[in-house]
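The structures come next, written out as structure tokens.
In the two complexes that follow, subunit A is the common piece, with subunit B as its partner first and subunit C second.
The block that comes next holds the complex of A and B.
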């Protein structure tokens, strides 16, 4: 049921992309996957259902996404805005305590955070270090 | 950033070195990129410590000891240093133990950690920009050699 987190020669964390929009989640996934190659398990929880365009976030979908990439080394959740965070919190509460401890909600902006986290996760960096890299985007000036 | 002060200290040490780096000619080729791309852009740089290698890379602190090395490379990609090429730079830099920094001389940026994609993107490097790469550590020479071929 749970994806193996042992990829190649080292263990890497998993990533979950949470967005109100399934299309946005898919687009962010494509960016992140290009940075990570096949080194990192990345799952999506976008919109309220797979094939509809209803915007929103759903804790059960987020929970399923966590379980798809869950591993001992940890799972980092990246959310877009507002209720995405609340739904992610509820999803974590639905996880068994032992698994919840290895999950972390990131304060990083979604696009920058996913790109940065995917690359640094693929380098085998631990959960907290990957999140620190992603959250650094909060204070990084885009315009130089 | 603490490490940004180190190249200055090393630069003074390297001035004691009279010999240019004899290994410069062994660097990897640039996969068909125009060798003259860095010509005018590197003319004002302190080449007295190194030399034009004929491949768009100018040695600034050519040193025979492996603890430190820095070079200036010119971005040749028409799209500049974009996300995918930045990914490859970070991946390569991360293979080495040395501390590796880069600054964009054309934009007068401060030195950033080349093992961080976020910091790398802040260089805002466009085609023709000169980047100074500096490595410090046990595999500094190998790190710079590997990175040079990516620009």
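The block that comes next holds the complex of A and C.
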């Protein structure tokens, strides 16, 4: 049932990209997938609908995205600004308790965090370790 | 007085009136949010209220108040889009967990319903009084309801007190600096502008005072 989590012999966590903008979510996905290839299940919850350009976040869409990449080993959610976090919190509350325990909201910046998380997830690292790497991007200096 | 009951159909009429009031004020909300935010509160609320009207104009989603309020919450969570979606959604989601008599609430239960909603809202948005948010209208309104209830006032008096307190709270947001949301990026420049969230929240109490005090109909 959780076939999405297995890559050969290795079980990897799932990633969910949450953004107010469907285009931004898609762009972040492309950057992350470049690092992880098809080694990591990454799902998107961008904007308010699939075929519109309305900006916003929707807890139901985030819930669906979590279920798409659901793994026993866990799912890491990366969010953009403002209410993306509140919508993600509501999505977690809508999950059954057993699944909620294995989901984590990351404090990482969206672009850097997704790239780093995809890389470390593809190496089979556990949820907390992947998130720690992604959040470390907050304190990394871009300008050297 | 005690024994005054508010029926589920009155609650439905209240929320339909609220939806209409917000839609009528879309331009006003947009104007307020253009001054200190991202100009989306009017559009987002209009979209959410349109979805709410569709949901409530169909047959009654449930004949149980808890389930009814949950259905209102889910409609707003998915239908609004901006920060107001998860915030109003959480307000009604939490209100849905407060005790009722099934198809009706008494005045104490109604007051508690608003209190539950307010507590949920504060947990979700992490805003306090004077942060220039919805809380600045809702918190004084709930406190006014609780005080009037404790003084054994009628539903009409309790809801009038809530409306007045919410209105004062909304006007008070003009004087204070935003600490939460997009407006907080403006710092002291946010002073002098009324908060759009506090404005849409005020309408909850304005319409409650108009609708919930009318005599229970036979629906």
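Methods note: the second predicted complex is superposed on the first by the 141 of 144 C-alpha atoms of A that agree within 3 Å, B and C clash if a C-alpha of one lies under 4 Å from a C-alpha of the other, contacts with A are read in each partner's own complex, and residues count from 1 in each chain.
Everything that follows uses one rule, which is that a contact is a pair of C-beta atoms (placed from the backbone, for glycine too) under 8 Å apart; a residue touches a chain by one contact, two chains touch by 3 or more.
Computed from a prediction, not measured in an experiment: that's the story for all the values here.
**Q** Look at A:35 in the shared chain and tell me whether it touches subunit B only, subunit C only, both, or neither; answer first, second, both or neither.
**A** Once the two structures are laid over each other on A, A:35 reaches subunit B alone.
**Q** Pick one for A:48: touches subunit B only (first), subunit C only (second), both, or neither.
**A** Only subunit C; A:48 stays clear of subunit B.
**Q** Check whether A:58 is in contact with subunit B, with subunit C, with both or with neither, and answer first, second, both or neither.
**A** Second partner only, subunit C.
**Q** First (subunit B), second (subunit C), both or neither: which does A:120 touch?
**A** First partner only.
**Q** Counting only touches as set out at the top, which of subunit B and subunit C does A:89 meet: first, second, both, neither?
**A** Second partner only.
**Q** Should A:21 be classified as contacting the first partner (subunit B), the second (subunit C), both, or neither?
**A** Touch partners of A:21: none, neither subunit B nor subunit C.
**Q** Could you tell me if A:133 is touching subunit B, subunit C, both of them or neither one (first, second, both, neither)?
**A** first
**Q** Which subunit A residues are contacted by subunit C in one complex and by subunit B in the other?
**A** none
**Q** What residues of subunit A sit close enough to touch subunit B in their complex?
**A** So the residues of subunit A touching subunit B come out as 31, 34-35, 112, 115-116, 119-120, 122-123, 133, 136-137, 140-141, 144.
**Q** Spell out the part of subunit C that touches subunit A in their complex, as residue ranges.
**A** Those residues of subunit C that touch subunit A are 40, 44, 47, 74, 77-78, 80-83, 85-87, 89-90, 93, 124-125, 181-182.
**Q** Per the contact definition, I'd like the list of subunit A residues that touch subunit C in the complex.
**A** Interface residues on the subunit A side: 48, 54-61, 82-83, 86-87, 89-90.
**Q** Can you name the residues of subunit B that touch subunit A in the complex?
**A** 83-84, 87, 90-91, 94, 107, 109, 116-119, 121-122, 124
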